[in-house]
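Chain IDs A, B, C, D and E follow the sequence of writing; residue 1 opens each chain.
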Amino acid sequence: MKLTENHSDNFFKNRKKYTLVILFIFFILLFILSNSLSGYYYRILLLFGINVILTLSLNITNGYANIFSLGHGGLMLAGGYTTALLTLPVEFKANTLSLPLWLEQAQVPFIFSIILAGIVAMIVGLTILLPAFRLKGHYFILASLGINIIMINIAENVRPITNGATGLRGAPPYTNIWWIFGIAIFLIYLIWTLLTARFGRAIKAIGKDQGLAEAMGVNSAKYKAYAFMISSFFTGVGGALWTHLILTISPSSFDLLVVFQIIMMLVIGGVSSISGSILGAAIITAILEILQPL
Amino acid sequence: MDLTYIFQQVLNALSLGSMLALLAVGYTMIYGVLGLINFAHGEVFMIGAFTAMYAITGLGFPLPIALILAIIASVLAGVLLERFCYRPVQGSGDITLFITSLAASIGIRSLFVMLFGSRSMQFPMPKYLQGIRFWGDILITDLNLIIFVFTVIITLILSFFIKNTKLGIAMRGVSYNKQTAEAMGINSTSIIVATFVIGSALAAVAGVAWGLQYGNVRPAMGYHPGISGFIAAVLGGIGNISGAAISGFLLGVGQVLFVAFLPSVYSGFRPLFVWIVLFIILFYKPTGLFRSNIKWE
Amino acid sequence: MSEEILKLVKLTKKFGGLTAVKDFSMTLNKGELLGLIGPNGAGKTTTFNLISGNLAVSSGNIIYQNNDITDLRPDQVADIGIARTFQNIRLMSGMTVLENMQLAFHIWNDYNILDTIFRTKKFKIKEKKYLEEINETLKHFNILDYKNDKVDDLPPGIQRKADITRAILLKPDLILLDEPTAGMNPSETDELVEIIKWINKDLKISTILVEHDMRVIMNICSRIIVMENGDIIAEGSPENVQADKKVIEAYLGKSYQV
Amino acid sequence: MKKRAFSILFITFLLVAQFSIFTLAADPITIGGTSSMVGILGSIGEMVLRGAQLAVDMANEKGGIHGQEIDYTNIDGQSNQTVISNAAIRLIEEENVIAGIGPVDINYLSAAAPIFENNKTVLMDPTATTPSIAEMGDYIFMTPFGDDAQARALAKYVAEDLGFDNIAIIKDVNADYSITLAEHFIEAFKEFTGKENPIAVEENYQTGDQDYTAQMTRIRQFKDIDALFIIPPLPQDAPVIANQARRFGINVPIIYPDAGDFDEVIDIGGDSVEGAYISSHFAVEEAMTDIANEFVEKFEAEHGYTPGGFEGLGFDSAQIILEAIRKIDAEEWKSMNLAEQRVAVQQSLINNEFNNLIVPIKYEPNLPPTKPVVIKQIKNGERVFIKTMWPEDFEK
Amino acid sequence: MAKDSNNKNLLTLENIESGYGKVKVLHNVSLKIKEGQIVTIVGANGVGKSTTIKTILGLIKPSSGQIKFKNELINSLETYKIIAKGIGYSPEGREVFGNLNVYENLRIGAYTVSKDDFTKRLEEVYQLFPRLKERKNQEASSLSGGEQQMLAIARALMQDPDLLILDEPSLGLAPIIAEEIFNRLAEINQMGTTILLIEQNVNLALHLSDHAYVMEKGKFVLDEKASILAQNDYVKKTYMGIA
């Protein structure tokens, strides 16, 4: 009781110190890990980081805003393909695909390509889902499932751009521990910062009781769309990071099973909680690897 | 594109439509009483097909007995699912129920892969079903007709049952308002079990029909029809049995007709078209083509 | 003299075949405390839902401070200064009282998303100000001690006060209170009566009060409207209404005597 | 705050716990595999694994290579790109493999390939036939022939030996295997028949489809086709399409690519696939080398059935690696560290011919290997050897 | 009006504590209903009246205390078993099955009854509510509020219960219709059915009942003969608005 009192009243003074100390320790830990871990464990650590990003993104919609989406695999795919097309070697693009010249020649720096990946995922999510926002309950779930199926279908069939079911390969190995955990930390900060302010309170309120939130002056359609946009942006970024880690991308990697795994991470750690998402991502990533030799 | 061709294509679609209709009815009934998308329904369907296959090839039973065994196996699977997967997590929220059903689906599929391998196995078709008849240039396989007629009969019996019997009325009551139904002296648990029994039996019939029609079974066979059944159930207005049956038919026929009338260059985009149509329908009718039987809060 | 704040013109709401509100017209003056009574199902809550935009009006108009607000969404209605409470206590479960209160500042917040992310001075000043306001109001309602408790664990009396506090924090010009004393015991009811008086007199918020407790209604309302079957059957001062034959028959009961 | 601190602690714990499972460099020569045991490619993965394991066992019976025992370590790739790429790095970093045998499908292969390439370790593609696999890197080698070669050999056989010049094609439009094979086949078929348009109709279906009646209704309208070329990416679709074709009265011979070379096809297809022609990697009856006979014998003894083309490919994938090591001087081999040994294997593979395999093979840098294509026919429910198409016969 | 007070207890609640999850709604509630009586619980919205009913019906399980029906302990029984012992229930807000027609609603009401008894009961109930017979093939959702309330009561009567529990039957009804319904309830009671009534229309209810309880904040604060309670100043003041 005392502790909570403290942190909400003097929230800005103490929180900052705590956070900085933890961040400092965390980055030192990362530095040690990145130099001492073998390739395999380093990789698992990276996957864990990507999973944290994906789970946190999904938490915004499926957790806080309570709009249950099954379509995040499709958004990852959108992000992954975007960054792949922007960064693949020109030679590969020229030989395998038939792209407009500007895209074929494009060699976008990593930072911009992941931002663009996020933006494309955001646009995809919005275009497909905007007409679906008035749907309720399982009708919405069905519509969101559509994102996945539509995106996979497009990736499999627009062969001049996506190279069909084989997908694209040869993405540069840009992803590293600093990118992933940098983005993860930023996302954690962003979610925390939003939740403790007007924007996040509105989204949380919609998730708890939409009618009441509206009575408090929250435009639920608008804020749901915002929530979905942030979520799909970071899902797209997660997909992009994944692509630059695995170095290849094909449609079949983003089926329902991926979404299911992320939902598992979300549920195991506890919905609507940042630390829960991290914990869930850690547990599922570890379980998936530990079960491997069986 | 002459009339014969169109008619032939519609005829072709009858059996696929029938199977999806049977699956969709199961989805919608279970959704009605439990508020749950039973993603494992596709696996119940697969279990039916596997049992029938094994009864025929392994034990040498004739098809009708194999069908009965398939129904028994599927019903058992459905009831066990209800008892050990869904009942324990009832009331713990949508997401948990959802995860449970997805996990059950993947679990059963993996179990069958472990037991039988992921390759497909032959589903033998008895000689008396192999007939083909011609009507002018239009070709009709006996099996296609039989599956269709069988489905229509089952659907009619089921609608009669749901409409007129005490149990059927109770099922509708439970799906409309479970708590009030309980306060009328209805044991909702047994109604839920009964619903699983009926839904799973229909899935078994669909599974056997699938095996006969396509000649093979495999552990992953339930995935695609399962999703189609789910779509049909939603499209038909969740909880609406005849709506589900009709939507199942429409979806099956639609899928075949997409192939039939789309230039084959575009046939890769079939799911895209299906989903666009679906989105359009949902945009204008946000609760499906037909009236939902669920009471919305 | 007095200025109109809300005017309902021939408001009608139909649900399928059922007409819940029928050609209902009324006006509310600025600063007034109006009691809306009538049997259950007479259309009081439906009227609230129509004003607050939760239900779509079948026909008729709602005029608020000379603006037609008939077709506004609930959030827009809240934005222009009409707050409401619900018949059942509605708080965000799993959140603390404070978090529930903070939501009320949604429409007043004018820092933008960048202020939020970078925690600018503006953000801090605003949030601090809101926190002070919340503390002050909670203190006035005597529930400051519960500020950091989860609302689910609180007794109904406290929950009800939190519910009303949150509506007040919207700083509305008009508040719709739907049975605020439902489920309260007499001492809690007395406390709520004082609160409602304070809201109306000190905060100068015009109030419409739906209530079943005749003690409350007759004590504090300056004017009463009696509804039955979606329409007005009587209107006037508490004394007049209590004496009205139709009211006695439809609502107060035959044994009712003044 | 407490909760978050706890979770960070937990993660750290997990990571530290994993340190303790470090393995030391092993004495024997290790070959790694990433065959998937589950998922859609599970059954092919298992065939490959059996073949490869047998090659390793046979080498060990003969006393290993350079006096060292051979180990074969397979990590289940689960038909999942993420898992396979993790498995690849684990094989290289933790299991210290000399070379690896990849997953059976190009999608999954392309997840493993960059890791092997970056670590300068040879990765053998056991079954995937897309020619561009050989271009994935200097350390990526294909065991099977490329689809271009397969398509040409098959087109030549169909056009010249069978004399067909008007055929229908049905393929999976979601699978690159089907699409590229069809493209190469059509091109070659035009050349060998000399006809402008020897393809009567080209139909498409989608992965996961089971109902091909709409396509069959269309193919049925072409009454004078000589054959139906079915190009499924996976064996399971092959017989189902045949069944439905027969039901629609399409009674022309059926032609399959190597995806039809499975028992499953005959089991399910039954009478429908009788007489079908298949292009294959290897036929038991027509052993091209001595070791082929030994392989068939030992395989039958161990697993109780006659190996098919994919068991053969699995065997060859491992055998090629073993042969490459064998070609290195023993003294030199022993003086090298692991990284040098890995590079040596690659050096030994390029520009070399290997004859001590089931099917003789020749490598050139970044190209699919040159090797013969076998044509089989299904007769009385058995796949029977018809003809070997030697590279020099069908090459451009 | 008062019936023989020597009659046996049909339903007794002893020291019931009950609620939803962590939140306790009922505190130490005790209640007695004798055979043949009409007993009313009055109280404002949200004081725990409906919770009391739901606890009796087993829809909520009490955390402590005893519930006896016909001298049998029914605390831990499933709802459907409690209903089968002879309790008819007409829920608050009527809760008819909107997707079923009138006949089907009545069929569900008679779920625990054999087919023959059902036909017999159907006639009796139709006699009591002729309007329902006219509309027997109409979907319940299309009925007017009063008709729906009649249907809810009729449905509760279908299994010929010994105890009829009604949760706010006058809710949302015009006074004339409410009165009609109360007249029916009197008739039903005359035929020998014990009635437990929850009402906010205190005036009507107290005139009909033999005995009444006043509930506030999950406790019974008054427990008296209805006729006495109707004269009680506190009740008059608080619940009937008589100053």
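To be clear about the criterion, contacts are C-beta pairs under 8 Å (C-beta built on N, C-alpha and C of every residue); 3 or more make two chains touch, one makes a residue touch a chain.
All values derive from a computational prediction rather than experimental measurement.
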| item | value |
| --- | --- |
| For chain E, the least number of touch steps when starting out from chain D | 2 |
| Mutual neighbours - chains that touch chain A and chain E alike | B, C |
| Chain-contact steps, minimal, separating chain C from chain A | 1 |
| Chain whose mean Cα position lies farthest from chain A | E |
| Centroid comparison with chain C (C-alpha atoms), farthest chain | D |
| Distance from chain B to chain A - Cα centre to Cα centre, in angstrom | 34 |
| Centre-of-Cα separation between chain E and chain B, whole angstrom | 42 |
| For chain C paired with chain E, centre-to-centre distance based on mean C-alpha positions, whole Å | 32 |
| Rounded Å distance, chain C centre to chain D centre (Cα mean) | 73 |
| Junction residues of chain C, two or more chains touched | none |
| Sites on chain A at which at least two other chains make contact | 156-157, 257 |
| Contacts with two or more other chains, residues of chain D listed in rising order | 173-174 |
| Every chain pair meeting the contact rule | A-B, A-C, A-D, B-D, B-E, C-E |
| Parts of chain B lying in touch with chain E, wherever the complex brings them together | 166, 169-170, 172-173, 176-177, 179-188, 293, 295 |
| Of all residues in chain D, those that touch chain A in their complex | 1, 3-8, 10-12, 14-15, 18-19, 22, 75-76, 80-83, 85-87, 89-90, 92-94, 106-107, 110-111, 113-115, 118, 130, 132, 136, 173-176, 179, 207 |
| Touching residues (chain side chain C, partner chain A) in the complex | 52-54, 73-76, 78-79, 83-84, 86, 90-96, 98-99, 102-107, 109, 111, 113, 116-117, 119, 123-124, 127, 131, 148, 166, 170 |
| Chain C residues touching chain E - in the complex, by the definition given at the top | 16-18, 39-42, 87-88, 152-153, 156, 179, 181-186, 212-215, 217-218, 228-229, 242, 249-258 |
| Touching residues on chain E, where the partner in the complex is chain B | 57, 59, 78-80, 83-84, 89, 91, 95, 97-100, 104, 107-109, 111-112, 155, 159 |
